[in-house]
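The letters A, B, C and D name the chains in turn, as written, and every chain counts its residues from 1.
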Amino acid sequence: MLAALALALLPLLIKSDFALTILVFSFLLGMLAVSFNLIFGYTGQLSMFHAAAFGISAYATHLSMSLLGTSFWIGLVLAALLVLFLSVIVGTICFRFRLKEFYFAVVTLAFSEMARLIILNWNSVTNGTLGIILQEKPRIWLPGQGIVKLDGTLMWYYVSLIGLALTLLVCWRLVNSWMGRSFAAIRLNDELGDTLGINVFRYKLAAFSVGNMIAAIAGGLYSFFLGSIEPGFLSIDQSLAIVAMVLLGGRGAVAAPFIGALVLTTLPHVIHLGAELRTIVYGSILIFTILVMPQGIYGSIAALTRRPPHAI
Amino acid sequence: MLFEISGLTKRFDGLTAVSDVSFSIAQGDIVGIFGPNGSGKTTLLSLIAGMLTPSTGRIVWKGKEIQGHKPHDIAAAGVVKTFQNPQLFSELTVFEHLMIAGHLMLKRRLGWRRIATLFNTDTGQAGGDLEARAREVLRLCRLEGSRDQTAGVLSYGEEKMLGVAMALMCEPQLLLLDEPASGLGQSEIDSLEIVLRDLRAHGMTLCIIDHKVGFLGKLADRAISLHHGAKIAEGTPAEVLSNEHVIAAYLGR
Amino acid sequence: MGQLILGQLLNGAILGTLYGIIALGVTLTFGITGIVNFALGAFMMLGCYMAWYFTDGLGMHYAVAVLCAVLVTSFAGLIADQTLFRFTRNNLVNGLLVSIGLISVMEGAALLIWTSTPKNMEYVLPGVFSFFGLVVPKMKAVVFLVLLGVILATYAALTRTWIGRAAYAYAQNPEAAELMGVRTKILQSGVVVYSTGLAGLGGALYASLYSIDPTLGAVYILKAVEAAILAGIGSVIGSLFGGILLGITEGVGSIYLPIAFRDAYGLIFLIAILLFKPAGLFAGRK
Amino acid sequence: MIEFDHVNVHYGKNHVLHDLTAKIEAGEVVALIGANAAGKTTALRTALGLKNLSSGSLRFAGEDVSSLSTHERVERGLILVPEGRQVFVKFTVTENLLMGAYHRKDRNKVQVELDYVYDLFPRLLERKSQKAGSMSGGEQQMLAIGRGLMAKPKCLLLDEPTMGLAPIIVQEILTILGKLAANGMTILLAEQNASMALDCASRAYVIESGHISLEGSSESLRESATIKSLYLGH
């Protein structure tokens, strides 16, 4: 709560547009990481479809606006529904056939690679490798000012902060409910969960779909803040970046992956490294986290303060 | 008849683990199934609980055939099984185990309305019932003292008892216990016996398998003995124990 | 048209043995250590650059350079095993993520050292064989035969030698193998190193055929995993056939369908296999 | 030959073996009798180093082997025929038997032992090229014992060799164990079936919940009330 208030007031202190921009990216990628953790950390499914959900939604939002003439927000909702639809298809296929661990990762990866190949090669619609420059700005209603263009870092700051806050709220509610208990049961021992009457298929699909839909919303917002879309949104590297954020931040608390998103988004801007060195540093962080600090930053701090990292 | 199986057979390639077994269980009975290791007892329970699909034969629960149904559907119908080697959620506390196992309670109380509780911090009466039930089960299973301990620090006896406790949270009408006493010390067996008698007093129907005769002999109303997957004797425990086939199966003569 | 198809069949088969040699490493590592080493693609890339460096930079004879490249790659594999993979045995998710982290490190380092400009090697073995109107570059034929030979030799070693039998026994039942006196730690490290060596060999040979760049491993490891799953993980001969089948499908497929989708065939295969025949096409064979 | 000295073993926080002390002399057949989950398998696994002991020590042929790895113990002639057979299902009978000799320095000269095992178990000879996975439980058990013998054991540990087998097969296996004993093999036999184990062994230990509750000669134990209550609950 205190942290939320601090974040809400932060722009009063930080006037730097550069710093705010980094924070906006962190919030949006934080949404991505937090929602991924719902699938990976809480339900135990290593999905490689998350970047696909993010990227597909970015394209779909834009296409809805340019082809159907909808507003940004309607487009975003349509994109999220499209992702929901795809998640149900992909999830049903994977979970009905009881694909687990590596096989689940590989098949979701195959689906997201196919999505990427389609986007990459459907030049007439997606402009292929070059991607699309997004000129329009979403409009929002502000009290006292009526409907205005969502423009300027400060406005984006609050929009993305609200997005992250809502994501945290949704995930927190889910995780601390009977449904979250079912997620935990699936992650820790799905056979036992099954004999206790938990419909493993249904809750795996629920976690997968909800997580992907949040990623979809993050994708739409991210692309319009960035001002462009490109097929790299769906790449394996993007999937891995999400995994890295979650591992670094920690899997044990709803908000922990945001720490990872913040660190990994800020780091390249604070320490100036060439692209090559940055890749090396990312890889090293991933390895280091898994081998030395498997609980992530949050888990390590929680262990120091002796709070149990997993309260379901 | 509450529960009835007929002609149940399970073949794994080359091996018939359960062979043409038929019996029935009446409401409120404690039925003991015993036989030496490898006699097909655990396979039989797994078939009933839906973890395996029978090759042939029928399993009838309250007039409906349930063979081949999914384990969670069978649990939801009121037939719940425990594991011989305790299966637990290693990182969680005893109480959290019970809350997970309370899933079916919420489902029965709220149906699809439980979705609404996701958006509303108050789970209402059902949530209260769930916690009350968990406390009652803790008391019944003598686990109150370990309520907030994680599963990893429990003794073997407590682990097994937690398995029973989780099954009880599912509000079973037929409880299937897979060797509940194996690996327990005498004092643990005694308290298990008290718990099981308590359950019977509450009207629960129990089906217990064990490879030892002693503990089950005193508890069961009826006994069935399996050997090489086939039923070799049925009757009161005393009858079954004096059956020459049973003695031969145990003593290996 | 017939010639075109035959040509693509041949090309596909050659590419397929390259997929196959990496797939063999994937299969062996998974069978013995329980992890999928995605970094094998990066080791292949290392093998490429080493072969290029030893011939182009140090002026060694190509055959010697290949041998040295394999040694260097295996040594790198040993270091990776002792510092990283040793700690992730039988932990599939952690092993996967560590190997992915290793890819970033190796690719980044390769970009720093050799830049993203593709390197080309002088034609090591120029000239072509031609028969029945088909033209096959000599080098391609050599690469094909060497890789085929190595895969078959590995298969023979696994079935005929004591150490091979021990490895296969361990894959079936680790604890029983330990009870036979198999030195499990050495076996596990040995297999990780051997599979990186195979990847290095694939890379070193690849370098003589195509131009090389630091990111080439990503494509090959994906194809190799596809081939390994296609065959059924654990099947040694299957990884060869899986690789060749995938290579041929891509080759022939690109005649009829847009070339842009050639990477999708493997993915479609993969999904279909995992859903309908999860044990793979060659299940039950070694 | 083998000596457990105040051995304690834990699985996590579970204390599964309490101060286990037992000794088997060379040439003896000793039974370890106990119910399911009493600690028999853990004791045997600990002997082979598949499970670490938390305290106490283990001596084999006069040497402290507590800190040796499994393959080092196997090389010294301590051989376990594990619970549930654990044969290599995709190997043929012969390949399985050869794996038994894996650790031996003279492993390329095993024809003598191979003949010996095939002589003991003619059924295995009939099926020597068959995959072990396609054989019956009894045949797999024979194969597992045969595989153990291929190792030229100094001491053979058998974990429930008759579990789940038909009486006629049990008889066959008992006969073989009798032959081995007559040839002077040191055997530790873990069994639930007390009566059978006592027929085989000259001495026995009874293990309950990780404690040795009783020990003595087979004759004296056969009359003991503990044994009876353990099995028939009288």
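Remarks
Just so it is clear, contacts are C-beta pairs under 8 Å (C-beta built on N, C-alpha and C of every residue); 3 or more make two chains touch, one makes a residue touch a chain.
Since the model is a prediction, treat every value here as computed from it, not as a measurement.
Here the chain-to-chain distance from subunit B to subunit D, counted in touching steps, is 1.
Both subunit C and subunit D are touched by no common chain. Compared with subunit B, the chain whose C-alpha mean position is the greatest distance off is C. Distance from the subunit A centre to the subunit D centre is 55 Å, each centre being the mean of its Cα atoms. Measuring from the averaged C-alpha position of subunit B to that of subunit C gives a distance of 50 Å.
Once the centre of each chain is set as its mean CA position, subunit A and subunit B turn out to be 42 Å apart. Centre-to-centre separation of subunit A and subunit C, using mean CA positions: 33 Å. The set of touching chain pairs reads A-B, A-C, B-D, C-D, using the touch definition from the header.
In the complex of the two chains, the subunit C residues touching subunit D come out as 162, 165-166, 168-169, 172-173, 175-184, 286. On subunit B, the positions that touch subunit A within their shared complex are 49, 51, 70-72, 75-76, 80-81, 83, 87-92, 96, 99-104, 106-107, 114, 117-119, 123, 150, 166-167, 169-170.
Taken in their complex, subunit D has these residues touching subunit C: 48, 50, 69-71, 74-75, 79-80, 82, 86-91, 95, 98-100, 102-103, 107, 147, 151. Taken in their complex, subunit C has these residues touching subunit A: 36, 84, 87-88, 92-94, 96-98, 100-109, 111-112, 218, 222, 225, 229, 258, 260-261, 263-264, 267-268, 270-271, 274-275, 278.
Chain contact summary for the complex, subunit A toward subunit B: residues 173-174, 177-179, 181-182, 184-185, 188-189, 191-200, 308, 310, 312.
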